[in-house]
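Two complexes, one shared chain (chain A), two partners (chain B, chain C).
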Partner chain A sequence: MIVKNVKAYYVTRSGPEVKAVDDVSFSIRDGEVFGIVGESGCGKSTLAAVMSLTAGRMLKIKSGEMTLDSHTVALSGPIKVPKDWHGKLVALLPQQSMNSLNPTARMRNFIVDVVRAHHPLMHPDEAVRQARERLEQLALPVRVLDSYPHQLSGGMRQRVVAVISTLLNPKLLIADEPTSALDVSSQRQLIQLIQQLLERGFITRTVYITHDLPMLRNIAHRIAVMYAGKVVEVGTTEEIIEQPTHPYTQALIASTLDLDPQLRGRQIEGISGAPPDLRYPPSGCRFHPRCSRALEICSREEPPILGEEGRLVACWWVQEQSGKGYREVEQ
Partner chain B sequence: MQGLLTVYGENMSKFQQYILNKVFWFLFAFLIALIANFILPRLIPGNPVDAIIGQMSSGGGVSGEALEKVYAAYIAEFGLDKPLGEQFLTYIGRIAQGDLGVSFARSPARVQELIAEALPWTIALQLPAILIGWTLGNLLGVLAAYKKGWLDRALFPTFMFTSSMPYYCLSILLLYFLAVYLRIFPAGGGYSYAVSPGFNWTFITSALEHYFLPFVSLVIIFVGGQALGMRAMSIYELDADYVRFSRSLGVGDNRIIFYIFRNAMLPQVTGLALAIGSLVSGALITEIVFGYPGVGTLLFRSIRQSDYPVIQGITLFIMIAVLLANFFVDIAYGYIDPRIRARTAGER
Partner chain C sequence: MKQTQMPLLETRDLSRTFGHGEQTVDAVKDVSFSLQAGEIVAVVGESGSGKSTLARLLLRLLDPTAGRILLYGRDVTKLRRRKDLKSYWQQVQGVFQDSFAAFNQFYTVRRALEKSLNVLDARLSSSERLRRVEASLTEVGLDVADVLNKWPHQLSGGQLQRVMMARALVVGPELLIADEPTSMLDASLRVTVLNLLLDLRKRHNMGILFITHDLGQANYVSDRILVMYHGELVEQGPVDTVLTDPQHGYTQRLLTDVPRLSRKYGDPS
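So, the complex of A and B:
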């Protein structure tokens, strides 16, 4: 699966657009959990909305293309996404499960609506039967089918939302901070559920969006680090955590709490400054005002993208350290 | 299965407790209202017998001594010479027998007869107006919220205008333009004086002609208020996360509008039930402006004549209807919204 050159700007009533996602490209392999990490306002959720084809009216997609199993769809302009894509090819696991279910509908009724949206001729009982079978396979209680959302605990509700999202076996599940409102044991159960969904082939691949780097370490195979609407570094989870190369990634990891006994005494370093106003992003590299390694060129020109497929970094400073063997790649 | 049944049984008993609790409060409110209903008309300054005697003496020809005798006879007949406590007990006893007493002003007509005469007019005018206004208002409200654009830009200010205009202005304007100036509709009454009530064609057409203006004025007012409420609720619901999530899974527009409609409708149902509850009082101003022979007109006339038994009879009816409507809203709400049902059953 490939996402290419996504530019998505928010239209403001007056003044310039907010460049929330600016020229983002990456590819995701089959069976992979692809993590996207970044601080608040870096454009992760905007990217999720673009990929899940649920962008609101205020979000203008300037360019971009998504290729998913031999289907390619242009994301920009008046999107003519086949109706079937929603839920069947791309599914969203949203941020807040409390509000993502209709409060006055039982799970079984919502499931019938979801399944019948794609199989209009299916008998409602058959849709419920399939959902029951799926719940049994995933070792979740079948009684949730007869429940209203308010009757389920937060963790259970989020797991049920995950099951409903993936009922149609989507090729891509976009999990947008699904655990941010859950306690740690529910977080763990949800992560295990997502892994189970992948193992059983109910979903082909997952984009997992979060600001929680330690959590991502437990689930993601590869990680993309976003800063101010751009991807600054991509690599396997080990590479990003153990050998971060971009100064922002390094700073992000240095500012993360770690329960590892050997590292516990380490001083936590924050990142000085604040994320930029994306209406007026900094010239050149968007991180340069806060970067301890900034060079003179960083404020003038956009950084080159270095490395090879699957291990990329966008940084002038890294290029200067060319002893590390990075070379610029053509995109 | 066994476990499920016991859980269900417990909930049922809790729900029954809840209903029992509501019944208790209903009866308590009823008693308070009954007392207020008895005392309040007696606080109006002036004695009704004085008014009757005044009318008699203004005609002349009756001597002072005779007037005094008539006065005493009336006071005794209506029981006004007895202490207040005894009057109250008599009042309660009669209500229990379904007897609301004799009208002071239109003696010997009994109050229940007067009300029974007026009530069909009021119900026939109001019930269709409320039901049609409610349905139309809610549909237009959802439509304006969902379609946005020119439809919303046209409907929203219109509803704003009709719902905030004082009702008597609207009805008088309608009356002036359509009945007095253009003479399309008759200016007042429930039917033409030339026909007598009965189940025949001339009476029905006459009644319908007189029906139109008060009916339309009520519908206009009701539609505006309902549509504004529904529009605001729907806009709020449209932004809800569940709408976005349902869309992301490809659920069709019609189903989503149904979700929105159902969830936005909850407060509107309360409005409907309460409107039906207060229906009995008659749209006082409507009936006065259009001279409609309903409960409102009867009430207005009785107040002017200090006709206690009729006022009490009507307020008793209003009171029972409003209390019943509130009672049923409490129960019905739980059936419409599972969250409220859960709370009342003590699940959380």
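So, the complex of A and C:
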């Protein structure tokens, strides 16, 4: 799966557009969990809306192209989406998805509605049978089918929604902060469920969007770090966490409060300042006003993208340290 | 261990139930602990474990159904009169999770903070009020000229969280109840707020009850940890002991389920 040159700007009633996602490209391999990490307002949820083709009217997609298996969709302009794209090819699991259930319907009836929206001719019993089979395969209790949402815990609801949204075996599951409203034990169970869905081939690949690096450490194969609408670094999970090269990634990891006894009594520094207003993004590198390594050129020109396929970093400072063998990539 | 000095705060079998009959919920049940001046104590637990109810009880915003709260050994559980509660709030102040909800949208930072000074007994002159407001804004690391006359919507989440701390500090409290003060902030800003808590303790020997669901943060700032589960205090002790040798099953599960940077789920420590 390839996402190329996505630019998505929010239209404001007056004044400049909010450049929420600005020229983002990446590719995702089969069977992979691709993590996207960044702070609030960095454009990660906007990216999720673009990829899941659920962008609202206020979000203008300036450019971009997405290739998913044999389908290629131009994201800008009026998108002609095949009717079966949602749910069958792409499924979205948002943060509060556990609240998207119908409070007055038993799960079995809700599932019938979901499945029959795609297969109108399917018998309701067949839809429930498929859901039951899926729950059994994933070692989840079958009794949830006869429950109302309020009878299930938040963690269980989130897991059931994950199962329902992947019932049609989508090629891509976009999980946008699916665990941030859950306690740590439910978080772990949901992570393991997503891993099972991948292993059993119910979904082909996953984009996992979060602000929580320790969480990505546990699920992602590769990670892209976003800052102010741009991808600043891409690498395998080990590379990003153990050898971060971009100053922002380094600062982000340094300010993560891991449950490590060695952190006690040590002074950790956060990143000074705040993320920029994306109506008026800083010139040059968008991180330069907060960057401790900023060079003179950083405020003038956009940083070069260095490295090779699968291990990229966008930074002037890294280029200056070119002893590390980073070359500019042809875009 | 024998306590040599009178604890700043002590609770004895503090309980609060909501509802009645079959619907009764024990939000906080028989919670007993103490906190010394200059000590940071973290309360950890999952959502619904009673952490925030405990905070509201200790701030005397909610009456307990049973048990006692002692401040320097003095029973404050029964304080009812406005005058008594005001003098309690001179010593005990709170900061909360949602700084956007905490401020009146139509008040500037200056007005909101000056109103807090009404908790004091003395009527202060307007220049003295302003001096105190400016001092507490400086204390939390804000640029006074930048924020003093702004409205809440003009400030970022991180700034507003600091204003909320300044609001609590303006009356010079001895105990700060911080209920998830960082959970709406990003990782990079979170650390700066936690560092501020550490500074306050160092400068004013303030006692801080730090409520969080994040063991990583508790590990970073606190001296002792209280673990709450279904309204009960299931474990308490020094951070090192609780995190390296947890006794209660819930604490053990919590520790194995916390995602970490340094290792994956199930890896040996």
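Basically, the second predicted complex is superposed on the first by the 323 of 331 C-alpha atoms of A that agree within 3 Å, B and C clash if a C-alpha of one lies under 4 Å from a C-alpha of the other, contacts with A are read in each partner's own complex, and residues count from 1 in each chain.
As a working rule, a contact is a pair of C-beta atoms (placed from the backbone, for glycine too) under 8 Å apart; a residue touches a chain by one contact, two chains touch by 3 or more.
Note that the coordinates shown come from a computational prediction; the quantities given were computed from them, not determined experimentally.
Contacts of A:H118 after superposition on the shared chain: chain B is touched, whereas chain C is not.
In the superposition on chain A, A:I164 contacts chain B only, with no contact to chain C.
When the two complexes are overlaid on their common chain A, residue A:A91 makes contact with chain B while staying clear of chain C.
Shared-chain residue A:Y148: touches chain B; no touch with chain C. Within the superposed three-chain model, A:R13 lies out of touch with both chain B and chain C [touch as defined at top]. Put simply, chain A uses no single residue to touch chain B in one complex and chain C in the other.
The part of chain C that touches chain A in the complex is made up of residues 46-47, 156-159, 186-192, 194-195, 213-217, 219-220, 239-240, 243-244, 253-255, 257-265. Here chain A touches chain B in the complex through residues 52-54, 83-88, 91-92, 94-96, 99-105, 110, 113-114, 117-118, 148, 150-151, 161, 164-165, 168, going by the rule given at the top.
Those residues of chain A lying in contact with chain C across their complex are 39-40, 183-185, 187-188, 191-192, 211-215, 217-218, 241, 251-253, 255-261, 263-264, 267-272, 274-275. Put simply, chain B touches chain A in their complex at residues 240-242, 244-252, 255, 259, 262-263, 336-339, 342, 347-348.
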